[in-house]
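Working notes, structure below.
Chain naming follows the written order as A, B and C, and within any one chain the residues start at number 1.
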Amino acid sequence: MLFLMAAGLTLIFGVMGLINLAHGSFYMIGGFAAATVANATGSFILALLASIVAAAAVGALVEWIVIRRLYKRDHLDQVLATFALILIFSEGTRWLFGSFPLYLDVPKMLSGPITLPGGIEYPVYRLAIIVAGFTVAIGLFYMISRTRIGVRIRAGENDREIIAALGVDISKLYTLVFALGAALAGVAGALVGAIQSVQVGMGEPVLILAFVVIVIGGIGSIKGAFIGAILVGMTDTLGRFLLPEFFSAFMDQSTATTIGSSLASMSIYILMAAVLLIKPTGLFGDTSAT
Amino acid sequence: MQREKVINALITLLLVVMPLWAWWADEPFILTLLTKVAIFALAGVGLNIALGLGGLVSFGHAVFFGVGGYAMGILASHAQSYSPIMEIPFLIEGTKSMPVIWLVAIISSALAALLVGALSLRTSGVYFIMITLAFGQMFFYFTISWPAYGGEDGLLIYTRNHFPGMNTLDPIQFLIICYAILGVVLYFSARLAKSAFGLALNGARQNTERVLTVGIDTFRLRLVAFIISGAITGLAGALFADLNRFVSPSMFTWQTSGEIMVFIILGGVARLYGPVAGAALFVFLEYVLGDLSDYWHIYLGLLLLLVVLFARGGLIGLLAGREVAHD
Amino acid sequence: MTEPVLEVKKLCKSFGALVANKDVSFDLREGEIHALIGPNGAGKSTLIKQIAGGMTPDSGQVFFLGQDVTNVRTAQRARMGLARTFQVSALAMEYTVLQNVVLGALGARGDVFRFLKPALKDKELLGIAYEALERVGLEDSAAKITAEISHGQRRELEVAVALTLRPKAFLMDEPMAGLGTSSSKGLTRFLDNLRAQAPILLVEHDMDAVFSLADRISVLVYGELIITGTADEIRADREVRHAYLGEEEET
């Protein structure tokens, strides 16, 4: 899941050299679009489609109005402008939908647990999300390494002028990539919305997690985003489970739980710090380009 | 350059006249707003040393704001419950004395800045932004999950802390304290910008390679700048906590980091009075627009977007022209 | 013979499959201008970076003033007296000309961590700065913003900043790049006198300048140093003409 976010971000960043804080807003928009459509029609598939369309449309619009003025600016401007977008989107959504969380139901077909080989019970829906994550991963790999658009995207990563000279309409390409990134975030928002709830401000914590993933994996690397996401997910889960256990070995139970859970909430950041110490550009980062 | 000085003088004048008027008209609420301006400006001045002078786009200054706030909260909460903070290896008691709290706030936020800076300054550019943001989040989650000091609920301090010879509960007296600190820090930051350190730091922002090849270690340079910057923001955090008599994890959120940055941008990056003008504008907008609509952040967002896209240099830049002082 | 000021021993550097430098060895002696020439992509920039400290070699060593500085950081090497100028001007563009040289003087003096005393009122720093500006003839432009002076003046400023370091050796990466004929002649005369102060390792494409200035010339082709010799020896060498000078004639 986190991978979907990180992949979208890293795609935008890698190709366009843009840092986009408003990515969390697309996640939120996806969630809200899905919840609205699901409540109106009852169809989860339609809801997912709606999240893609809504996020991609808003993404394209934002790129067209604001973002394209920022490519040549420094990172500070990009951060600020996209921060401004977060304010606008968050408050706008609050204004339209109110502050109360919306709920999105897990489709019947996918609800209930499944027994995995080995006898572990696991909710079908979460499994479906994992499958979706993998599918997107494979799809992205394929798109970037095999198709024409992928070739152009990679060319754009290396040199804007060259592909402009090749007659590719660079501004259309960028709008497309930006919308694609937004769509990925939107789907992620819709999928997660069914597990948790859809509310204003749901995007930013995920955004920051996605940053951690990118920092660990290395900027602009889809592979890095994938592996970073897995690492972060595992560290978080294991940390929450193991650290309290670990401390209870030599402390009384309540202190152990306290310290353990406090540390667990920090574990992924500690992981990030460790990666930074060893390799400041991330695991799959390009060492020469800092 | 001359115009910027005139504008700075005007801002100073305004900041002096406003409280006098409010005091005379007996408007304690205005005084509180102005105190808030001074404190936000202080936080902004802190960040401006890293951001404006050093070019370090830190999206994690909420960490230092929060650490400063919690330094106050922890010391004062122990003082009000008469329980020592620790007894082993030596006794540390809580305190309600402002100067002591400030000192602790400065030292602890400087230490936090040392830690965050030492790690994140190994990188630059976008990485730096993301990492400072992530560290901010780390501190946020930590305070939420650490129940000893209120966890998610934060800490309530019943009375304002003391300053020798002053009644800090009187709005105008607390305002004077905050103004005095802001004044001292502004003077310090003006001197800093012209000092050898400032020259090298600003040079490193423009061209790292240049500064390295004249034999200056840019990593240490930036780390020291980051620590000074964090310490000042931490002091602002302690004052902010005292203003509200309340600290909570929300001081650590990324929104706080963003807002501190907004002060600078609205006012003007790397301008001495930028954070002051920006903080004043921010508080003014919050008050006026917040009255008009619950969703005033939309307008703030739009304004910020306009400033970033079309008015680099912020308010002061708009009034004084693009030129930056070079004397 | 006295010990060389700068010595490079068997330096190797590669990026993946691409070999940028292979077993490069040469030295720079007191009082000389040693030119490093070679076609584009021969690995000159990589070599300069490793000597200056921005890049660590895969193997081999760099000695400066008799010390092994292979793992010494850029800033430290600069403080030891290794002054570098860049192919593309590396200056603080928003600063005045004077601020740039004061920055150099400050680095040389080594006390950056002074927080209150205004650097531009420091008599000692100003003295060094103006002296350097006068030597390159920029004293009248001291108050101008660096971004607004001409390209040629920026090249001179770059040299002036290097001078403030009171260097033991200069590392100059294409100082003539982008200069007109008259300014490059002026700079040539200037460098000619400069060698008395400290030896210069000169990377340059302007062959007139190289052949009139250099005491010794080394030729780098495909990452390897194929010959080191006097200007006449280089002119006479067939391999060089084939690999390098010949190419020039063709293009």
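Note that a residue touches a chain if its C-beta (ideal position, glycine included) is under 8 Å from a C-beta of that chain, and two chains touch if they have at least 3 such contacts.
For clarity, every value in this text was computed on a predicted model and none was experimentally measured.
Engineer: What's the farthest chain from chain C if centres are computed as the mean of the Cα atoms?
Structural biologist: A
Engineer: Give me the ID of the chain with the smallest distance between its Cα centroid and the all-protein Cα centroid.
Structural biologist: Centroid comparison flags B as closest.
Engineer: So what's the Cα centroid distance for chain A and chain C, whole Å?
Structural biologist: About 47 Å separates the centre of chain A from that of chain C.
Engineer: Chain B to chain C: how many Å between their CA centres?
Structural biologist: 43
Engineer: Can you work out the whole-Å distance between the CA centroids of chain A and chain B?
Structural biologist: Roughly 31 Å separates the two chain centres.
Engineer: Touching two or more other chains, which residues of chain B qualify?
Structural biologist: Touching at least two other chains: none.
Engineer: Could you pull out which chain C residues touch chain B in their complex?
Structural biologist: Those residues of chain C that touch chain B are 52, 54, 73-76, 78-79, 83-84, 86, 90-96, 99-100, 102-104, 106-108, 110-120, 122, 125, 145, 161, 164-165.
Engineer: What residues of chain B sit close enough to touch chain C in their complex?
Structural biologist: Listed in rising order, the residues are 188, 191-192, 194-200, 202-203, 206-207, 209-218, 221, 224, 324, 326-327.
Engineer: Taking the complex as given, what residues does chain B use to touch chain A?
Structural biologist: Touch list, chain B to chain A: 51, 57, 59, 119-120, 122-127, 129-131, 133-135, 137-138, 141-142, 144-148, 254, 258, 261-262, 265, 269, 295-298, 300-302, 304-305, 308-309, 312.
Engineer: For chain A, which residues are in contact with chain B within the complex?
Structural biologist: 13, 19, 66, 69-70, 75-77, 79-81, 83-88, 90-92, 94-95, 204-205, 208, 211-212, 214-215, 219, 258, 261-262, 264-266, 269, 272-273, 276-277, 280-282, 290
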